[in-house]
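Input: structures, listed below.
What follows is a pair of complexes built around subunit A, which joins subunit B in one and subunit C in the other.
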Partner chain A sequence: MTTAPPRSARPVRPRRSPLVGVVLIALVAVTIAAGLVIEFDLLPLVTRFTRGWSVISQFLLPDWAFLVRPSTVAALGTTLATAVVSTAVGAAIALVLSLLASRVTNRSGALYRVVKLLLSMVRSLPDIAWGLLFVAFVGVGAFAGTLALVMFNIGIIAKLTAETVDAVDPGPLEAADAAGANTAQRARVAVLPQILPGFASYTMYVFELNVRAATVLGMVGAGGIGNLLAIELARFNYDNLSALIVLLFVVVLLLDQLSGLLRRRLAR
Partner chain B sequence: MIRFSKVSVRYPNGTVGLDEVDLDIPDGQFVVVVGLSGAGKSTLVRSINGLVTTTSGELEVNGQRVDGASKRQLRRLRSRIGMVFQSFNLVTRTTVLRNVLVGRLHATPTWRSLLGWYRKEDVELAFQALERVGIVEKAYTRASQLSGGQRQRVAIARVLAQHPEVILADEPVASLDPPTANLVMRDLQRINRELGITTVVNLHFLDLARAYAQRIIGMRAGRIVFDGSPAEADDAVFTEIYGRSLTADDLLPDVDVELDDAEGPAG
Partner chain C sequence: MSAVPSTLRPAPARPVPPPRWRLVLVELAALALVLVCLAGLQIKWERLADLPASIGLYTSLMVRGLLNNPFSEPWSGYWLVSLEFMAQSLAMAWIGTVIGAMLSFPLGFLAASNTAPRWVVIPIRQLLNAIRAVPDVIFAIVIMVPIVGLTPMSGTLALAFGSIGTLGKLTSEAIEGIQPGPVEAVRSSGAGPLQLLRWGVAPQIMPEVIAFWLYRFEVNIRAGAILGVVGAGGIGSLLSNLFGQREWDRIGIALFVIVAVTMIVDAISGAIRHRVIAGAPSRPATASGAIV
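Moving on to the complex of A and B:
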């Protein structure tokens, strides 16, 4: 063994802030209090399991014939179309807004703050609320659902993309500046190529969400498969309902896999 | 002609970048600025195209005042001054050609650049610039697939596509290995000679400066402490610029001094 260097004083370990403990205890207390408020208890899952058996047993006999009815096929088509259109429109608007919602690509302080405020307002309403709002404005149907999803998509994509814009490599920006480019030009040539993979990935993620969200929105009057679900539920047609649920499960699973595959390829 | 008269730069945190610098650079000269990190050589070069804003004094490039220029005037001035960077500053996710076309942005209407529809003449200029640095065959390659030396040559082509009157290079070889560093310096020197473009280059190392400069400017603490020919820049000058004499510690043991064998970063 080699000889150790002469021993010097070890640095004193810095004390952790007592605040960390306080915050942890507060978090636990709030969680317990919240559980007490809604009387959260896992026991009913076991004790009352048999109560739902008559309902569940009907679910176990799906009526597959229901799925090939023209009205069902059309409803599924409506839901998917709603998801596709709202993703495309929402993503296009979100891309422009995200460039306006970053200091990197928007050098006007006033416009930047306006867009930021607008985006947080868009995000503050849940998709169901947008759905109810647009049903009130444009009436029951897929159009209301599409508009609601567009708002929902703008909120998510613009926020995530603006954060990507904030984090771009500043080198190409500097080069564009030094070459005499204006703000719009440098956003196009120096920022856009850097954020495109992220933007495409967020868009596909939002598309996955949209298929599910379009279904839920259908239950509040935005048409499509959700509307069908609401009707069959009201008629207690559990055999039809369970077939629909299996269908939805398979469709969403397939789309998730597909978009996940594409997103992984983009991340390269 | 680049003319500094009593130019000072003081950064918001109080650091003095330039301290009452007086300097004239005539057209077509190849000037190398040397000095330690923080000596103000980067500030000097970046003030010429307004990337760094001067706090006092007068700075003029080919008759255009840089200090106090409006945003529009500054953009026009920058279109006439090309810049090469230490980290190349290419958009790595796009092609070499698209990177070189950044040099044509100043002459391209905004709507065209937004759509990515560059004029045929501008694309031709970009190809010619790539030809001049000898990598025209890489035009449609993604910049991310190039080596460091190739990237810096693309960056030089981007500058050439601008048709500049002045080329600024801020530590252009600091991220490159010694042989590649020499290739890039030779490119810059050749362009200066063939096209007569005034060139101002920042370097860490006096030996590279001696090999390529027509004129060496040594900086220390925001001031010019040496201004002369490469022949005059001897070891005494080194002491003046770097604050101490060259000692054995500055030379790595077991390193071949021959450039073609040397490896590792240039600094």
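Moving on to the complex of A and C:
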């Protein structure tokens, strides 16, 4: 501290690692390969625009009467109910699994690894695959959609919450250990209060995803708005389809606002 | 507060727990909402009783498909078809993410309140919100399939368009969270507005933004599955065909390929994300001294 450092020269530019070049070449190669696989071609956007426009223009004249049909209202209700129930069930299961998927709360190494592996398998199947599976298991309808979304939610919420558990403040844990708490007790009194705000926020986030996902799942037989979308698409009823999409858009935006409001209140 | 005497006060009583009735009320309301929705679904609960049996049956059929020698006909063909469609899904997700990243990057600057004027920020933010509210499959149905046709390219463009919404929002939030110091330093050395963004803002956000791109790539692999159901390519088209024909042994192979490939890609992408965010592993002091 007492000796003044020598006047520093102009800083030397850090040497660029040769790895950067390799990575850039690899990225370009992957992109070109991917482009070949999907036969990348932007020309149709220009050359076939007029052909596509005849379809798109039909979307510009939505048939609003379609929205007040009882079947449409019921389908919207089914989609929203699917989203709510699957969020609640998925979040409850995910909370337990997240405590098992962190070394902080799960002292059994074997169980920890099994739960981690299970969760990453659950996460790696797309929601549509879960939808197709449960439609086969329990038949067409909202029940299949709900079960598929429960799996989808478990994957996301458990991963995010487990990461929150990993990062808890160790003070309360030490206090609980010092007071002689067992594994379940220390999770309840030292971990749960710390992770609940994060957990609630992830749950709201997943609910926003679910409204969209519940719609999409309907297209593979899981009931609700998606089912109507698939039917009207197959019949080329673009005016009805367009009204449905506008309805969906408005509902999702409203629910996002509501959920965002709740999340901001939770964050305080 | 001003009249607190400095004399010793008696030991404070045990703190009174804050009133809980509001929380209880919220919890009851949430419970009621869930129950109403559950009733509205009109679930046939007897189907739940059959669930374990049907899961067992179909799982055993799927496992049977997996246990056949994958190098003998016709099983080798089934594995190859699954891998081909999965490769197509990966390619769609990759190109979709690349296009989405390129388009969302400038939009992120236009949607951040510290790099763009207010009259630009508000409409761009609303545009990004609007894109995020629409599922990718809707872009495919309404815009891409009518114009481009039933090809992987239309699915890719739908994914690209959908990616703009999330990536633009996340990028703009990263820009709004930067440190003002480097920007001031660059400005004080006489940089113009674009140089300010290039040398003051971009270096601060790039690690985070690259992590978002990788994250979106992982999401797009999954999101692309639905596009196959409407005919826009990828593993989803194989899945919906196989489920339509109830070929459980082939479904088992396809699901196995999806899980394995996705887990491998997630692991690689996660490792890169960690490296980009946390930086290079710290070397021993002697090694870093040797470099200088």
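To be clear about the criterion, the second predicted complex is superposed on the first by the 249 of 268 C-alpha atoms of A that agree within 3 Å, B and C clash if a C-alpha of one lies under 4 Å from a C-alpha of the other, contacts with A are read in each partner's own complex, and residues count from 1 in each chain.
As a working rule, a contact is a pair of C-beta atoms (placed from the backbone, for glycine too) under 8 Å apart; a residue touches a chain by one contact, two chains touch by 3 or more.
Not measured: the values here are computed from a predicted model.
Engineer: Quick check on the superposed pair: does A:Q194 touch subunit B, subunit C, both, or neither? Answer first, second, both or neither.
Structural biologist: first
Engineer: Who does A:Q185 touch here: subunit B (first), subunit C (second), both, or neither?
Structural biologist: Only subunit B is touched by A:Q185; subunit C is not.
Engineer: Just to be sure I read the superposition right, which of the two partners does A:S120 touch: subunit B = first, subunit C = second, or both, or neither?
Structural biologist: second
Engineer: Should A:F137 be classified as contacting the first partner (subunit B), the second (subunit C), both, or neither?
Structural biologist: Only subunit C; A:F137 stays clear of subunit B.
Engineer: Taking the superposition on A as described, I'd like to know which of subunit B and subunit C A:I38 touches: first, second, both or neither.
Structural biologist: A:I38 sits against subunit C, while subunit B stays out of touch.
Engineer: Could you look at A:A176 and tell me whether it touches subunit B, subunit C, both or neither (first, second, both, neither)?
Structural biologist: Once the two structures are laid over each other on A, A:A176 reaches subunit B alone.
Engineer: Between subunit C and subunit B, which one touches more residues of subunit A when both complexes sit on the common chain A?
Structural biologist: In the superposed model, C touches more residues of subunit A.
Engineer: Between subunit B and subunit C, which residues of subunit A are contacted by each of them?
Structural biologist: Shared contact residues on subunit A (touching subunit B in one complex, subunit C in the other): none at all.
Engineer: Can you tell me which positions in subunit C touch subunit A when the two form their complex?
Structural biologist: 30, 33-34, 36-38, 40-44, 47-48, 50-51, 54-55, 58, 87-88, 90-92, 94-95, 98, 129-130, 132-135, 137-138, 141-143, 146-149, 151-153, 156-157, 221-226, 229-230, 233, 236, 239-240, 243, 246, 255, 258-259, 262-263, 266, 291-292
Engineer: With touch defined as at the start, can you tell me which subunit A residues reach subunit B in the complex?
Structural biologist: Interface residues on subunit A, with respect to subunit B: 171-172, 174-182, 184-186, 188-190, 193-194, 196-197.
Engineer: Could you please specify the touching residues of subunit B with respect to subunit A in the complex?
Structural biologist: Per the touch definition, subunit B meets subunit A at residues 49, 51, 75-83, 85, 87-91, 93-94, 98, 101-103, 105-106, 108, 110, 113-114, 116, 155, 158-159, 162, 168.
Engineer: Which stretch or stretches of subunit A touch subunit C in the complex?
Structural biologist: 12, 15, 30-31, 33-35, 37-41, 44-45, 48-49, 51-56, 59, 77-78, 80-82, 84-85, 88, 120-121, 123-129, 132-133, 135-139, 142-143, 146, 212-213, 215-216, 219-220, 229, 233, 241-242, 245, 248-249, 252-253, 256
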